[in-house]
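Next up: some structures, all given as structure tokens.
Look for subunit A in each of the two complexes below; its partner is subunit B in the first and subunit C in the second.
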Partner chain A sequence: MDVTTLLIILFVGAFATYFSGDKWAPKVALLISLAAFAGTICLLSQYNSGQEISYFKIWISKPAVFISFYADGLTLAMLLLTTALIPIIIYSSFGNNYKNAKAFYALILFMTFAMTGTFLATDGLLYYVFWELSLIPIYFIALIWGNGDAEKRKKAVVKFFIYTLAGSLFMLIAFVYLYQKANSFLIGDLVKANLSSTEQFWIFLAFFLAYAIKIPLIPFHTWQAKVYQKAPTVGTMLLSGIMLKMGLYSVIRWQLPIAPLAAKEFMSLFIGLGLVGVIYGSIVALRQKDLKKLLAYSSLAHVGLIAAGCYTLTLDGLRGAVLQMIAHGFVVVGLFLVAEIIYRRYETRTISEMGGIRSQSPKLTSMFMLLVLASVALPSTFNFVGEFTVLYSLSQINIWFALLGGTTIILGAYYMLKMFQHVMLGETNVKIFNDVTFNEGLSLVLIIAVLFFFGLYPKPIMDLISPSLENIITLINRIN
Partner chain B sequence: MDTSLILVLLLSPFIGFLFNVFLGKKAGKTIVGIVGTLSVFISFAVTLSFFLQITQTKQAITVDLFEWISTQHFKVNFGFLLDQLSILWLLFVTGIGSLIHLYSISYMHDDEKMHSFFAYLNLFIFFMITLVIGSNLLMMFIGWEGVGLCSYLLIGFWYKNQDFNDAAKKAFIMNRIGDLGFLIGIFILGSMFTTIDFTSLKTAISSASDTNDLWMAIAALCLFIGACGKSAQIPLYTWLPDAMAGPTPVSALIHAATMVTAGIFMITRMSFLFDMVPSVQNIIAIIGAVTSLVAATIALTQTDIKKVLAYSTVSQLGLMFLALGFGAYEVAVFHVITHAFFKACLFLGSGSVIHGLHGEQDMRKMGGLKKAMPITFITMLIASLAISGVFPLAGFWSKDEILMTAFHHNIALWVIGSIASIMTAFYMFRLMYLTFFNEFRGTEEQKHHLHESPSLITIPLIVLAILSFIGGIISLPGNSWLNDYLAPLFSKVTQEEHSFGTTEYTLMAIATIGALAGIGLAYKKYLKENTIPSEDENITGLTKVLYNKYYVDEVYDAVFVKPINVLSNFFRDSVETTLSALVFGLGKATFQLASFGRRFHHGSVGFYLSMFTLGICALLTYLYYCNNF
Partner chain C sequence: MNTLIAITGLGVLCLLFEILNFRKAIIPITIIGLLAVLGFITMSEYNTPMSYYNNMIVVTQFSSSFSALFIILTVFLIALSHDFYEEHQTKISDFIAIKIFMLAGGVAMVSFGNLAMFFLGIEILSISLYILAASDRLNIKSNEAGMKYFLMGSFASGIILFGICLIYGAMGTFDIAEITDWSQSAELPSWFPIGVTLVTIGMLFKIAAVPFHFWAPDVYEGSPTMTTATMSTLVKVIAIATLFKIMTAMNAELSDAFINIIIVISIASMTVGNIMALRQNNVKRMLAFSGISHAGFMLMTLLTMSSSSASLLYYAAAYSLAGIAAFAVILYACKNKNNEDITNFNGLGKTSPILAATLTAALLSMAGIPIFAGFFAKLFLFNQTIQAGYLIIVIAAVINSIISVGYYFKLILAMYTKEPNEEVTKIPFVIHAVALVSIVLNIAIGLFPSAVLDLLG
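After this line comes the complex of A and B, so read on.
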């Protein structure tokens, strides 16, 4: 079995879900996502035993475009994140009744297909196609199944669509230029193209625009909070849990190896940009009135730190960034699920309308608390391992970077605990709050289990990603 | 064998925690109490066996379970180190922990969430053990943040009260400021010495004579900032008095006897580093002395019985840091232990009083409880005498050693420490007289129900009072068991420089006279003259400044909390909308550019043809010139 099997499962699965009808669609989608997860585990064990799992075939001969799917440890880590989260996301959505469920769940699987393709593709054009393809399902998911006033929602979602699309066009231009130089879109050839430092600068910048909008990095984040707020929670989970990691992953896979000179020359600038995001996001999060928007800004702060880690161009920075990407993916999905669980009962996302939930729901309180603790990177959670490694890599560049990035330790605790206090604590709320259902509880427990297991024993993931990241570091440090 | 024993030691409270979380509610209060207490007592018993072992073998035990985190420069193992220091610390953590669990069975019996209380308390012991036996800085950090979490959970135990939740949040965030310092310290040491394991760090640092002193000093300072957060030293002390919002056993266990001494433990653990950087040691000594004085002055005027004890704790911790600053680690450890005895006793005693008065904490509404609560009274009296430094109680010996060390190093700091000690005697007896003597000032209803607390509360009090009385024997001048026991840990022996002579006797006399003077003043004012502290609105002048804690909270609020919230509002309302408008502007600009372009596409073939011709001409001209020149 090679990686295309996974893509086929998801692609065919999307159609199967659509044709299974509204009643069966959720269950079929869950089954397929679980199959995808099982497929990833198989791929992982094959990879570990040294078998070939990549796929390579010519697609178009002129211009030379290849169907090239390649999986190393880094890719597999991202696939694990994706395929482990999707079943949880789908399962947790069983508490909602979506209209036209067959289309909804088919779109989720189709998006997973596109994102998986993005992680796997090593031919620039193929990668670009998957990259853009993943935008279409989330556009419809947010537009059709989102919440709030339809006009406002449309405005936010269309803005997001055009914004990210526009950013990606720069990436396409970069690829076209690179093709002129290398006569190929394959990453292996692009890396070998002899680019002057000026060329690298422009290529770097073009990639940066695409990624900075997708991740998003400040000041390209203005689409984020509104879309997170308006999209249905499943959509928000897909965006924050997986899709924004496409941007971060691409920084590591494409941007840094193709344009290392620019990355080195402007290192401090881009680290600085990430760190500004950390502080800015944390401070904005402090006084958000809407729970989902607050989580969106906390996400902005966290990805700022991850991006800063990537741009240190050190092994620790990249390792920490990848660990933190996975950890953040899980914790943010958990937190958005909590927001959804509250919404299912109180039909509000406004924090001031909550409070006094703890006394009515000890189970939710405990699980929410654990997620908050993971989010603020308490030692023994996976997030701590990532954050520690990233901050350490920053301290190796400049101790002040570590100090600035480290403010997330203080500010993160501030806005998260403040939020927790106002959402959960206080006098018992007059509105009745039923504790979590089995479905909700199981979804949360799975997420928490992952966060604490790898918090105490991150070695399997470390061992998986380290060799691939070492290769990437070698590429970055090559002499042209 | 050792590995499994260590796991029993560590996991027993954790199993207690799990039991109380998952089964506590069903099991009922009695079982919850028994399981909770027993799980800590098992740890105590295991500690005792380790203690007996190490006094004979004098060999530290190290155990590495598995690799946890690794960076390019150092690897961090999930490992444990049981040496003289950690075992000693474990002894009083689990010992006093057991007593306080026992006490809580009765104290928390009427609380509907008793199972959560015991769960958090067990979890606290688990993290405290992790902190103490971790074999490297990052393992210690797990425990360090873990106890902070439990402190947060327990301060906000009565979560329906948002003031308590605020206090809990404040404690957690202030501690995290220190924790950032701790982390940065770990980063520096890790990259300098490629290890953060205590044993290897000790070898590396002790042998490194030519290392960059500045970076070592910065690392030490960063670690000290961490210690300041956890051990409530200036400027990170204001969370501790607020932490009294938690139930009283919590104040006794976490915010007096164990967790807040973690900073002292950490610096003692890293003594080999601090010995190399005298400049940082000076800072520690000065901060310690100033904190002890500032906190003592605030304690003089407080009327909440627990607030007096809280500031007293801050002040006593300051004295311990004073000793650390002089490199007198054994002395600081000695005071940590005696302080754990008498401060735990005082807090539990005050809990007994509060329990008896159904929640009243204001000393202005107490008085005359001596007769109704004789055991509480006598045990608290012994503890008060001990903390005041009256011969021959435990506090006398430990405090005396600190002051003596200070005297030999720096007279000014000795004076500050001595004044703080005299104030301690005064405010403690102010507390005793206001609480136990003269007439009862509460309501008739309370008076009617006055009674001594049940034996589950009084037994721990009696045990702690006895320890407060005789605790000094572990380190008597000239013949100190403690110093011999800890000797393998420290490179320098601080005691040897001054033999015991006339100066020492004079200092002891001065200290004793000071303590008696403080007690006497309190006696005159609060017993003879029967002064009752004024009501809040009538407090004026210097007293008002002290009563309001020098307005430090207000200053922090104005300088840090408010601006950050204003900034947050500004970012949310102005910057975000501006950025968003810019993006929209970009979109609009494109749109307008397009409508501008549309004007040329109006369908007139003539116009297209003429443009086409012009274009061809331009191109030909260009090519012509290009080829010719």
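After this line comes the complex of A and C, so read on.
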């Protein structure tokens, strides 16, 4: 079994879901996603036992493009994140009845296929194809199944699409330019290309545009909050849980090794951009009245810190960033799920209209509390491990960076707990609030279990990602 | 050569069928005939390049590959005709025959070996188109379109003819091979470049590149939709391939002035076409402007003529196949309506999901989103152009690709977010078939680009 099996499962699964009809589509989709998860576990065990799991074949002869999939520890960690979250996302959506469910679930699986391909591809062009491909399903998911006023939603979603497309087209130019230098799109050859520091600067910038929009980093974040708010919760989970990790992963896999000189020269600038995001996101989150928007801005803050960790170019920074990527993926999906659970009962996302849920549904309240604590990086949660490592690496660069980055924890604790207080505590609302159903509960429990298990015992993930990150650091520090 | 003869024979046969009262069989027989020509004659000609009649016709790999593309496009267009001309059953043989003759003109335009043949090809193609543009004779708009197109087109033909005269004056021959040899020499009479310029201007008229594009939106809007489909796919591709061929023959890329002019025209076409398209509510006008911008993209191949014939073929195939798929849906959505406004597409995603998905795919291909062929077409073009060192024009092209998403998405949004206005009418089988086959072909050449690229390795 090699990595293509995983892609085939998801691709064929998307079509199988579509043809299974509206009634069976959710169940088929869940089954496929579980199969994909099982596939990833198999790949992982094969990788650990040293077997070959990559795939290499020529695709286009001129210009030379290869179908090249390769998985190292870093890729496998991202695959685990993706394939573990997708079943949870699909399962948690069972409480909603989507119109035209077959297309909805098929699009989710197709998007998973595209994202998996993005993580696996090591040929620049193939990577780009998957990168763009993942945009189409989320566009339709947000557009057709989204909520709120149709005109406003349309505007937000089209802005998102054009924005991300614009960014990635500059990345395409960078790839084409690199091809002239290296005569290949393969990452292995691209890092060997002899680039002057000016060339590296422009290439770094072109990549940065694509990734900063996708992640999103300040000042390219303007699409984010509206799309998160307007998209159906499943779409928001896909965007915030997995898709933005594509951007962060690409920084580590593509941007830094290809243009290390530029990365070193402008290190403070890019760390600064990430930290500005931390502070800006936290402050804006303080003032949000809409629960989903608040979570969107808090996500902006966390992601800013992860990006800052990546741009430190230290092993600790990268390691912390990857850990935090995984932790953030789980916690953000959990938080959006809680928002959805409340919406299913109260049909509102405005925080001031909620309250008093605790007395009616203690189970949801305690699980939400755990998620909030994980999100503010309480020690013993996975987020703490990630955030602490990133802050440590920042302090090695400059203590002020670490101090600024640390505000994410303080401010985060403030707005998250304040939000929790308004949403869950307070006077009992007139409306009846049923406690969590079985599938809502199971999804939340799984997420919380992952967060606390790896919070107490992060070693397996550390061991998985460390060797590949060390390789990347060697590439960054190479001397051409 | 045999391709040309066989196609012309097929056209004559179409007219004969009318006399023999064989009307019903015309479309199937022509389609089978064209596919037979493609399968037997064009394929074998591709493998045996040759010249005929004192170099009047020179069959090369270039000419047979492009002829093959033209034939495939014509097959689609003829298949769509059945439904479109339902109410004009008595004239169906004329319509089909004219299209076949147009194809013959197109094949002549890519396989000429002599400027006389080049001009003959242009005229055969143009005159057929004038007729088709005005073919809805009771409709005043169609009359206007025909007249406008005729005036503009004959003017352009005149300019081309003048250019040919000057080239003859400079070279003393109409033969392309000889002109190619001599145009490399250092001492050329000053009217040779003038002649080349005039031919270029005339051809840019036919392509509808900025600043010679003013006729296109009006003619596209006024003509019957079937004719618009023909003009924006088949004819555009023929014209650009011809321009490419004649410019290669004249060694135009040796001249810096020529390169600069092409850069300016190409950027202007992309930008003006896209910006004007953003403002349109009529789908035909929108596609006319989008066609202008695609012409700008294809003109980029003229900067690297010695090596870019394969990417031109690929771009032309990707663009025209997407165009056919889009027009198949437009023909259905705007049937029996008196306009082609975007509102006609409201709710198509609900009433006929397959057609809506096809149109979406076609538009995504034109916008250059993978995995559709349009993306790879742009990629190969950019690759070629950056390789030759023209980074600026590629950046302009990329910015234009982003702008183009704006108006392509207007249509997609109408299909998926608006409510349908009326009851669903039955979708004819051919519309489904043509739309699906052309988009599948588009995706197939996207997945296996080498199949097309290696034709002109």
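Structure notes:
Throughout what follows, the second predicted complex is superposed on the first by the 480 of 480 C-alpha atoms of A that agree within 3 Å, B and C clash if a C-alpha of one lies under 4 Å from a C-alpha of the other, contacts with A are read in each partner's own complex, and residues count from 1 in each chain.
The definition used in the following text is that contacts are C-beta pairs under 8 Å (C-beta built on N, C-alpha and C of every residue); 3 or more make two chains touch, one makes a residue touch a chain.
From a predicted model like this one, the values you see are computed outputs, not experimental measurements.
In the superposed model, A:Ser61 makes contact with subunit C only, not with subunit B.
Of the two partner chains placed by the overlay, only subunit B lies in contact with A:Thr314; subunit C stays clear of it.
Legend: residue contacts after superposition of the two complexes on their common chain; A:Ser359 is shown touching subunit B, with no touch to subunit C. Once chain A of one complex is fitted onto chain A of the other, the partner contacts of A:Ile162 extend to both subunit B and subunit C.
Once the two complexes are overlaid on the shared chain, A:His328 sits clear of subunit B and of subunit C alike. Of the two partners, subunit B and subunit C, it is B that touches more residues of subunit A.
Using the contact criterion defined above for the overlaid structures, shared-chain residue A:Met462 touches subunit B, although it does not reach subunit C. Contacts of A:Ile399 after superposition on the shared chain: subunit B is touched, whereas subunit C is not.
Touch criterion met: A:Ala413 reaches subunit B, while subunit C stays clear of it. Judged by the document's definition of touching, subunit A residues 162 lie at the interface with subunit B and also at the interface with subunit C. Listed in rising order, the residues of subunit A touching subunit B in the complex are 159, 162-163, 219, 221-223, 225, 280, 283-284, 286-288, 314-316, 356, 358-359, 366, 373, 378-380, 385, 388-389, 391-393, 395-396, 399, 402-403, 406-407, 409-410, 413-414, 417-418, 421, 425-428, 456-459, 462.
Within the complex formed with subunit A, the residues of subunit C that make contact are 349, 364, 369-371, 375, 379-380, 382-383, 386-387, 391, 394-395, 398, 401-402, 405-406, 409, 413, 416-417, 449-450, 453-454, 457. Residues of subunit B touching subunit A in their complex: 21, 66-72, 78, 138, 141-142, 145-146, 149, 152, 156, 159-160, 162, 165-166, 169, 172-173, 176-177, 179-180, 183-184, 187-188, 190-191, 564-565, 567-569, 571-572, 576, 579-580, 582-584, 587. Note for the complex: subunit A touches subunit C at residues 60-63, 125, 128-129, 132-133, 135-136, 140, 143-144, 150, 154, 158, 161-162, 165-166, 169-170, 172-173, 176-177, 179-180.
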